[in-house]
Amino acid sequence: MSLNTYGHLFRVTTWGESHGPALGATVDGCPPGIAVDEAFLQQWLDKRRPGQNKNTTQRNEPDAVKILSGMYEGQTTGTPIQLLIENTDQRSKDYGEIVKTFRPGHADITYHLKYGLRDPRGGGRSSARETAARVAAGGIARAALNALVPGIEIKGYMTRMGEMEIDRSRFDWDAIEGNDFWIPDAEAAPEWETYLQSIRKGQNSVGAEIEVVARGVPAGLGAPVYAKLDTDLAAAMMSINAVKGVEIGEGMAAARLTGTENADEIFMGDDGPEYSSNHSGGILGGISSGQDVVVRFAVKPTSSILTPRRSIRLDGSATEVVTKGRHDPCVGIRAVPVGEAMMACVLLDHLLLHRGQVGDGPRGTIG
Amino acid sequence: MSLNTYGHLFRVTTWGESHGPALGATVDGCPPGIAVDEAFLQQWLDKRRPGQNKNTTQRNEPDAVKILSGMYEGQTTGTPIQLLIENTDQRSKDYGEIVKTFRPGHADITYHLKYGLRDPRGGGRSSARETAARVAAGGIARAALNALVPGIEIKGYMTRMGEMEIDRSRFDWDAIEGNDFWIPDAEAAPEWETYLQSIRKGQNSVGAEIEVVARGVPAGLGAPVYAKLDTDLAAAMMSINAVKGVEIGEGMAAARLTGTENADEIFMGDDGPEYSSNHSGGILGGISSGQDVVVRFAVKPTSSILTPRRSIRLDGSATEVVTKGRHDPCVGIRAVPVGEAMMACVLLDHLLLHRGQVGDGPRGTIG
Amino acid sequence: MSLNTYGHLFRVTTWGESHGPALGATVDGCPPGIAVDEAFLQQWLDKRRPGQNKNTTQRNEPDAVKILSGMYEGQTTGTPIQLLIENTDQRSKDYGEIVKTFRPGHADITYHLKYGLRDPRGGGRSSARETAARVAAGGIARAALNALVPGIEIKGYMTRMGEMEIDRSRFDWDAIEGNDFWIPDAEAAPEWETYLQSIRKGQNSVGAEIEVVARGVPAGLGAPVYAKLDTDLAAAMMSINAVKGVEIGEGMAAARLTGTENADEIFMGDDGPEYSSNHSGGILGGISSGQDVVVRFAVKPTSSILTPRRSIRLDGSATEVVTKGRHDPCVGIRAVPVGEAMMACVLLDHLLLHRGQVGDGPRGTIG
Amino acid sequence: MSLNTYGHLFRVTTWGESHGPALGATVDGCPPGIAVDEAFLQQWLDKRRPGQNKNTTQRNEPDAVKILSGMYEGQTTGTPIQLLIENTDQRSKDYGEIVKTFRPGHADITYHLKYGLRDPRGGGRSSARETAARVAAGGIARAALNALVPGIEIKGYMTRMGEMEIDRSRFDWDAIEGNDFWIPDAEAAPEWETYLQSIRKGQNSVGAEIEVVARGVPAGLGAPVYAKLDTDLAAAMMSINAVKGVEIGEGMAAARLTGTENADEIFMGDDGPEYSSNHSGGILGGISSGQDVVVRFAVKPTSSILTPRRSIRLDGSATEVVTKGRHDPCVGIRAVPVGEAMMACVLLDHLLLHRGQVGDGPRGTIG
């Protein structure tokens, strides 16, 4: 990963600030001949878009993506695809008073210390608005994956929001798209909403845990030792704003297990190897096994809250910060499509890497 | 990260298999004029080396590192440094019977599926023995950091091993080096040993959680948006064998917190900004804040155990696997110096990246 | 270099096709605090812009560059800079008839063979119009170089155009900007113009040789063995459309010289080492010596000519191609600012690389 | 290209100094299942090896390559291949007197200025001995190309050595291997030898021009705009010690041609497109056309000569340098296998890149 680029062969460079004229993504290395259009990309952007419901920020941006290059007659040409999203609702006056103040928990102070200057309008480059460009790029990756790996499916959902936690015994893959929290349990959604409203009314915010699962990933994606599939997934998720932890399969809980508990035993099924469990999260030795690829990440509570927090100004003087803007009480909700986009980009990148080194076809066979 | 290389400017490529003639690391981009020698590197390798005490595998390798290039009269010259470790205790007969069997939880099956062949001797490239090369490279990084950032200090320690967990109220930074488990609590070590012996006697293994802390890291290291310091640390730790989760600061627990709880409030101290807490793990917006950089990772229990696990052979037939070799009951112990090495490499790399883009001196000032 | 990206730390990704809505460059890794604006960039674009005089294509594009990101209050912030140039004069009907024909000497046939499809409008991605984005990015590099290396100067000029060749005994550095051919000899320009008009009237085109010189480059830029300064300059120049050869200093003529002829003898001057000559082109062992950095490249005659050339169609049938569009009789003229831009980008990139590995200050001293 | 690494997917990192214990290459990204052994690599090293005949340096190194990793039972496994060549004939006393003197035309002065120190023994890292590692890596690339592209053939030969030039009307592809100069004209070799002996007796050296041709390269390798096949070939050749110019096809002479002269007209042959000529050197728009890929490069005369040249010492005092060691009168002879190795590495890398982005099979068809 270079400063603002991720990926080995399918390479995405995002650019733009929260309150500049536009932001976007330069997508290089996409396979040619992939059918995709702005409407296909827009569906994922709409999922991430603020102002969708009362649980997310009321900033109202259409977040309409334009494809400026790399397409001809509805197909990718193999040349770079420029995705542009104009910033239409900038209202920078909301942020004017904090130009000389460092908001606790924000990148204000570290950007200042590093660069000697920063764009203070809406957090500039460190704004979560940057993730809109990732979601657009993820749409390109999804279109390519759909063409190259028929049947592949990628879904993200919340597994925790503060005190709320999903009940895995009630897990319903098909319920995810049907509620405002992207949780796999339609009946639990009202309770989550009540909880989040209490957080908001308390002038507070709350963290969240998101799980992203990819089904139908072919075995063999990934590579030893530093371009492991799990390495790149960890990097991709950790690069999302506010993320503080990443887990593959069993995750941090693996520290509590014994070897007998953790073993995913192997059986021969009709279509190849099958496993008694998926503690590994679908990845062994950095390479996909054919099981579901399972990644989880935690998003910290947004630091932009109405409850005053102590801080300092540029001149070193003490102050209190109350962030009045239009902020999500739980940014984890909108992190769901971002996590899905990162999963799509990493999987496509590793698919291309694999066929680069090893070729199109299967290599090892069993049985 | 390319397949077997990590780092942007300080770039480490490891190579070699568990039972080949040798393994090593090619270290490129080291600053010139750094005083370092084989004895300095050896101290970290000895820490990782098996056979040190009864809690680690009895495989007895001296793991003596040789510097083959990039040095002149005791100093680095700025050209690539080749670090070579010969494999002396290969005893490959231990592994002969599993050539045609996939060990559950190992990379055997995914390497086979990906490449169509694999080096089965001791796990080949997927063996944890690869981490010896990382530790050697980390020694070079430590030497450069010591020269460029006087006072910087990097220490790793175990925070959990199965049911054992450290008591943070008894945390003793100076106790870490004084016990077999690298735990920050000398008195707890005997209890950990008793526990681990019971695991071993039960023909089992157990996972672990390791925390690595860097003190004295200057503010300003890291970069938006994909070369964030936390992104690269997450990738570095996740690339270590058997790691299933990575956390920065509060980590996955951030999902349970509210914004008021999670805020690290800022004060002006005598030497610059100070903070009321370190939920952020020393990183804001991907850039170091000057606080301690805190990373945690979980290592799964080794899958090589004496208790039989069900699996399949190359021909698809069912079998049971009992791994008889000389294996650690908890690989987390030896993961401690590996985590330290990765921390050192990532910090040096970002120090070089920072002065590349921004220059040697400080940029932003406060007060 | 990745597919559409060049540079190690100062990284430029260009995107866009000749006849799409826009093209541009994503510039990542620029140092912060560099003062630059659209007007500064525009001066170099105007130099490259078609329709300037009767010696270049009459396609009339304002080529106005917009900065969409990475700036705040007139200074770079250290985050990615998006440079956008809209395509306003697209007239794609000019090109309609060649959609199914491969123009000899063009990338039509290789793009088709590689990707299975191509954007035929104006050559799509393979159009020389892509170089407008490089020139804009080069303007950013120039601004940064001016700030970091006071006194540095980069100039390109033609040294040959078909039968016309400059007389080095009449070399006038200050004359370069004062004529339509960017030649260092004001009096020769009318003869060059007469020659080029005869080429044009003959329904033909002609090749050219361009030399780019950088004065005031500090010693020490470059790196063994594959990121040599000359390696990266060769790659940068060869990546420009229609370039078929690159020379450093003596260039291909070095094959004819003896060791005594080729030696640049060294003397001690008042400000450091001086040399009896500059056969080396300012680069020894891949690292700048402090002498002028001298690069030359040859541009082939444009293949788009009015004289019929034999070719084939998509269906394999034979045809003759006459390219009627608005084409330069010598693309070498407009290649001059492109070569300058590439020189600026490579030098800045190596300046950042150098201070990344070695630091800001001088290292070795003499005397 | 990073400092000491080249390639995108097939990545070669060379390491080692002329007079250290060893040098070598770390080869990452090789496809699995390629049959190769040390004897196969040794044949190319023997071609480059000094002391072969009276036209090259009498330094006598066996240059025996050892494969330390990445192989199992005679096949590549897809993991990094470490190639090690021990330095056996170091005789560093030959060089002792020049530790404090900068040899004109050498990297001594620029390494010193950049790094503040250098390994003076035999030129250290800047020695042409580094190219032995490239040749070994090139052998791996050849083995993989032979497996993936049956019928591909790569040959290099000298086209000029000072006043000697080949007569292309007598070009004989099969004569190349049969004479000490690798020239395609057996009868001319004695005259070349007489000329070179006169250069040597005159205590002088001479430059050379080498052409490397690849036959049977599939169409479609390469990529716009900065990973063009010609861009990467130019970089690869320019990175070889002493190279000052690189040409593709017509090369610098393209500056003298008109569009009608330069056009490679296209016809439909039995097996696909054919061309009336190959001015393009087999590359159009950065992508291979299926014609022979033709690269030429010029090597300057070695600066290590017995005729005194004026220079300075570390303390700035004036001196004269006479290089007594065992040096080639024309390093161009031994540059031939190096150029071939670089061609092999670049072609394999682009083959992998192509199938990564576009897949194994053909894409566009004609007719």
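The chains carry the letters A, B, C and D, assigned in the order they are written, with residues numbered from 1 in each.
We adopt the following convention: a contact is a pair of C-beta atoms (placed from the backbone, for glycine too) under 8 Å apart; a residue touches a chain by one contact, two chains touch by 3 or more.
The structure displayed is predicted, hence computed values, not measured ones.
Q: Farthest chain from chain D, comparing Cα centres?
A: Comparing chain centres, A lies farthest from chain D.
Q: Return the chain pair with more inter-chain C-beta contacts, choosing between A-B and A-C.
A: A-B
Q: Roughly how far is chain A from chain D, centre to centre by C-alpha average, rounded to an integer in Å?
A: 45
Q: With chain centres defined as C-alpha means, what is the inter-centre distance between chain A and chain C in Å?
A: Distance between chain centres, rounded to whole Å: 38 Å.
Q: Roughly how far is chain A from chain B, going centre to centre by Cα mean, in whole Å?
A: So the centroids are 26 Å from each other.
Q: Chain A: which residues touch two or more other chains?
A: In chain A, residues 2-5, 14, 29, 32-33, 78-79, 114-117, 125, 223-224, 357-358, 363 touch at least two other chains, as defined above.
Q: Using the touch rule from the top, collect the residues of chain C that touch chain A in their complex.
A: Spelled out, the residues of chain C in touch with chain A are 2-5, 11, 13-17, 20-24, 26, 28-29, 32-33, 66, 68-70, 72, 75, 77-82, 114-119, 124-125.
Q: Name, in rising order, each residue of chain B that touches chain C in their complex.
A: Listed in rising order, the residues are 9, 29-33, 78-79, 224, 352-353, 355-361, 363.
Q: For the complex, give me every residue of chain C touching chain D.
A: Of all residues in chain C, those touching chain D are 1-6, 8, 14, 102, 104-107, 109-117, 125-126, 130, 160-163, 199, 202, 204-209, 219-228, 230-235, 237-239, 241, 244-268, 273, 276, 279-281, 283-290, 296, 298-305, 307, 309-312, 314-318, 332, 354, 357-358, 362-364, 366-367.
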